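Below are structures written as structure tokens.
What follows is a pair of complexes built around chain A, which joins chain B in one and chain C in the other.
Coming up: the complex of A and B.
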């Protein structure tokens, strides 16, 4: 697969599609995107397109059917009296729920079968000592992403948020769009789907702004993430050869790698979208400035969080069962806990799914539940911590130190989560954690830093400087300053020279080629 | 669109075009200066061996050996010259892949027209694991397979690397901070080493078997593409496996033999029983059975020279005594 930071993707897949897209009349621009997306998907999967094709067909048919049910009701509405209307409405609602239920189940079943079948087999084997053979089904590229988009589209059609599209090509484009199919962002039809269908005219300013974002994304991926990966990947495999401090650095560098890579690739795809006049949803908003893990997840992989909130949390917590539970809790608990109790059940579903979505393994479930436990602890102890702070005279909302303390605490908790996320299993994660605690200062020759990790002194210096640049840009953004706006205000000649210099710098100091091990996109595997 | 917008967009387009041209010019300028192959050679970068043909005058190379570290350790063009008078180069680097070799050959054919291209076969298995199969190796060659191979991300990457050395040798900037290596001598791509690392216990790695080493369809396809490329340019192709106790196996031999049979190519395996007495495990390797040292290379090159003379004697010219090749006589020795 040509990853989004490869020459092939940028020059050929994106470049070719962009040229075609720019040349076609506005009405037909979506065909260029469709051709580019299908070609990219077909080549990347070597023709393994059946799951995406089935999903598209099911979603297309079900959405049209739901639309037809609603249209029939609208048409018949005038001829029905009030009681008949009520009865018909209830019957139609049941019908819509059935169509939605069946089609969404089929779509999700495809995800489960293709992604989790072997995990299920292995779990059964380890639980019951059986020797069932693994399936030979290959996980389709982007299945976790386009399935969520498909379900959201079905739900939005059911709840009247969008009209079902009659053009199957436009729906297919939405689900297979080459900029989002591998790693997201997870888009909604009323946002991206509509934009893709409409197309946009070429605009030089937007093109340049988009290209600047692509370069920044590549910088994060190629200079930072791929360099950090050289250290982190070996440390997670062989931490016992070193000491706790080095293992801790490995965890920190993995966090840096994951953030720089995922957000960098998002910058690349959003930048490419911007070059074509498309606005893709944002996935990151300076997550490491979060004061709590809850806030962290509203700034990290935002489109996944939004999807889970919109399509799991709200439907669950607004369901009749939960309403009843809320009423019962209200009668027995204080208003704060009465609101929290049913929400914590819905939250369990959200975090279980969040973990499970990430991968077929118990460690991913543990990863999701880790955040669930942290959030629940935070929520249930909130009144207590408020009282403690009040007694200690800490002004929680205004104290700068407390603010910094909360950011650092969240950062530490997130890193612990990353350890679980990247370790080769839960047992290994606990081993590594124990190792960090018990062997922190164990004597290790300093030269291993230069011999074991494909990194030399200049690499560590680049890593430090690039991290500083990343922090500086994040601070600017957190203060509401967009560095690209500042950059755009510079004189043309200066911008020209700076961009040229930055592009050459990227090519020269990038961690690719003979001296570095290859680094695959982490989220492309999900 | 009104006139003002058209004017603004046209100006923007011109600026974008100017930027792209400036970027391209800068990349070529860097490739020709700080990051050039000459500079990489002066700094002792091993990977520049792949481009050893650039040190030869255009149209003078008769034989090209292409492969990975086995090739640059095991074949000495100077010895071949001394024995047979064939001007040859080794275009190989550590872990050089078949696809890179193909891209490299494409560039080589712009200046050279070798009569024979010898493809070293360990590169085919580099990074492919040790799995075996009972299935005969076949090269899938339908239009879709060709399209997949054409669209491999590495293809464009390698094409750019061979075209713009700033991309391949970009990391040389670090040398300004951590110091330069010893400059590399022009040995026509051969890596000279007298180090001896004897094989402690020689495994029976060539025991007869019907197994074939597993190889991705792409790898075999790449080999076929390379063979086709050479044939299109009028070169004869020979496949060779150099002595390697550590990684070579009979299953690998069988896979290559299947391919050689399918495409009617001569295949010389120096690990086979035919060459049992050629290599002394105590004196001919530099690293315990993986790569040959100079002693091993001399023997293998001599044997390979004979094979080349036998097989392609009518196409190859003994250039010793030819004025145009005077420099070869002067550079016969490695030291």
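Coming up: the complex of A and C.
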């Protein structure tokens, strides 16, 4: 697969599609995107397109069927009296739920079979001592992402948020769009789907701004993430050879790697979209300024969080069963806890799914539930925490120190989550955590930093400076200043020279060449 | 409108709120507060708020919530 940060992707796949997209009249621009997307998907998967094709066909048919049911009701409405209308509405509602339920189950079943079958086999083998053979089904590229988009489209059609598209090519483009299919962002049809279908005319300003964002994304990926990966990957496998402080640095650098890689790739794809006049949904908003883990998840992988909230959390917690539970709880608990009790069950489903979505393994489930426990602890102790702060005279909303304390606390908890996420299993994660705590200052010769990690002094300097640049840009954004707006105010010639300089800088200090193996995109494996 | 602002102020004491205060993007309404708000709105205005109504645009500010309630009241009356 040509990674989004590779020259092959940027020049051949994106470049080729962009040229075709620019040449075609607006009405037919989506065909250029479709051709580019199919070409990219077909080559990247070596023809393993069956799962995406089946998903597209099922979703297309089911959405049209739901639309037809609603259209028939609208047509017949005038001929029905009030009672008949009520009966027909109830019957139609059941029909819509059935069509949605069957099509969504089929779509999700494809995800489960292709991604989790071997995990299920291994779990059964380890529980019952059986020797079932693994399946040979290859995980389809982007299945975790396009399945969520497919389910959201079905749900949105069912609930009248969008009309089903009659054009199968437009639906196929939405599900297979080459900029989002591998790592997201997870888009919704009424947003990106509509934009893709309509196309956009060339806009020089958006083109330049998009290109700037692509460069910044590449910087995050090839200068920062791929260097941090050199240290972090070895430390997670061989931490016992070093000391706790170095292992802790490994965890911090893994967090840096994951953030700069995932957000960097999002910058690349959003920038490419912007160059074509398309606005892709944002996936990150300075997550490390979060004051709680709940806030962190509303700033980190935002489209996944929004999906889980809109299509799992609210439908579950506002369902009749949960409402009844809430009423029962209301009779016994204070209003705060009465609202929290049923939400806790819906939250469990959300975090279980969030963990499980990330990968076929128990450590991913533990990763999701880790955040569930943290959030529940935070929510259930909220009244107590408020009382304690009031007694101590801490003004939680305005105190700067409290604000900083909460940011640092969240940062520490997120890093602990990253340790669980990246360790080779839960046992190894606990071992590494214990090692950090018990061997923090163990003597280790300083020269290992230069001999073991494939990093030299200039690499550490670049890593530190690039991290400082990343923090500076994040601080600016957090203060409501978009660095690209500032950059846009510079004279055109100066902008051009600076962009050229930045491109050269990327080529010179990017982590590639014979010393570095290409680092695979972490989220592409999900 | 005043009823809605009163409910919001009860749920978010200490937060300055008026009819145009941004509620979703500013994270004044997180998921749990949203659930409590939906519960209070449902009982106060005797409407059924389902998951399909809980969209960011319907809860963007107090005015958007008022418009949603108007629509839901009309839907309820229509169904009655």
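By our rule, the second predicted complex is superposed on the first by the 526 of 526 C-alpha atoms of A that agree within 3 Å, B and C clash if a C-alpha of one lies under 4 Å from a C-alpha of the other, contacts with A are read in each partner's own complex, and residues count from 1 in each chain.
Just so it is clear, a residue touches a chain if its C-beta (ideal position, glycine included) is under 8 Å from a C-beta of that chain, and two chains touch if they have at least 3 such contacts.
Everything quoted here is computed from the prediction, not taken from an experiment.
J.: Fit or clash for chain B plus chain C once both are placed on chain A?
T.: Here chain B and chain C can both sit on chain A without a clash.
J.: Looking at A:315 after the superposition, I want to know if it touches chain B, chain C, both of them or none. Which is it: first, second, both, neither?
T.: In the superposed model, A:315 contacts chain C only, not chain B.
J.: By the touch definition at the top of the document, which applies to A:93: first (chain B), second (chain C), both, or neither?
T.: Neither chain B nor chain C is touched by A:93.
J.: With both complexes superposed on chain A, which partner does A:7 reach: first (chain B), second (chain C), both or neither?
T.: first
J.: Figure out whether A:409 sits in contact with chain B (first) or chain C (second), or with both, or with neither.
T.: In the superposed model, A:409 contacts neither chain B nor chain C.
J.: With chain A's C-alpha centre as vertex, what's the angle to chain B and chain C, nearest 10 degrees?
T.: 170
J.: See if chain A has more residues touched by chain B or by chain C, and give me that chain.
T.: Counted on chain A, the partner with more touching residues turns out to be B.
J.: According to the stated criteria, A:324 is in contact with first (chain B), second (chain C), both, or neither; which is it?
T.: In the superposed model, A:324 contacts neither chain B nor chain C.
J.: Touch test for A:427: chain B only (first), chain C only (second), both, or neither?
T.: In the superposition, A:427 touches no partner, neither chain B nor chain C.
J.: Please give the least Cα distance, whole angstrom, that chain B and chain C reach in the superposed model.
T.: The answer for the closest chain B-chain C C-alpha pair is 34 Å.
J.: Write out the stretch or stretches of chain C touching chain A in their complex.
T.: Contacts found on chain C: 14-15, 27, 30-32, 34-36, 38-39, 49-52, 54-55, 79.
J.: Can you tell me which positions in chain B touch chain A when the two form their complex?
T.: Going by the criterion above, the answer is residues 8-9, 11-13, 15-16, 18-19, 22-23, 26-27, 30, 47, 93-94, 144, 147-148, 151-153, 155-157, 160-161, 166-168, 170-171, 173-174, 177-178.
J.: Looking at the complex, which residues from chain A come into contact with chain B?
T.: Per the stated touch rule, the residues are 1-3, 6-9, 11-12, 43, 46-47, 202-205, 207-208, 456-459, 492, 496, 499-500, 503-504, 507-510, 512-515.
J.: Mind pulling up the chain A residues that touch chain C in the complex?
T.: By the definition above, chain A touches chain C via 86, 159-161, 294-295, 298, 309-310, 313-315, 317-319, 326, 335-336, 339-340, 343, 347, 379, 397.
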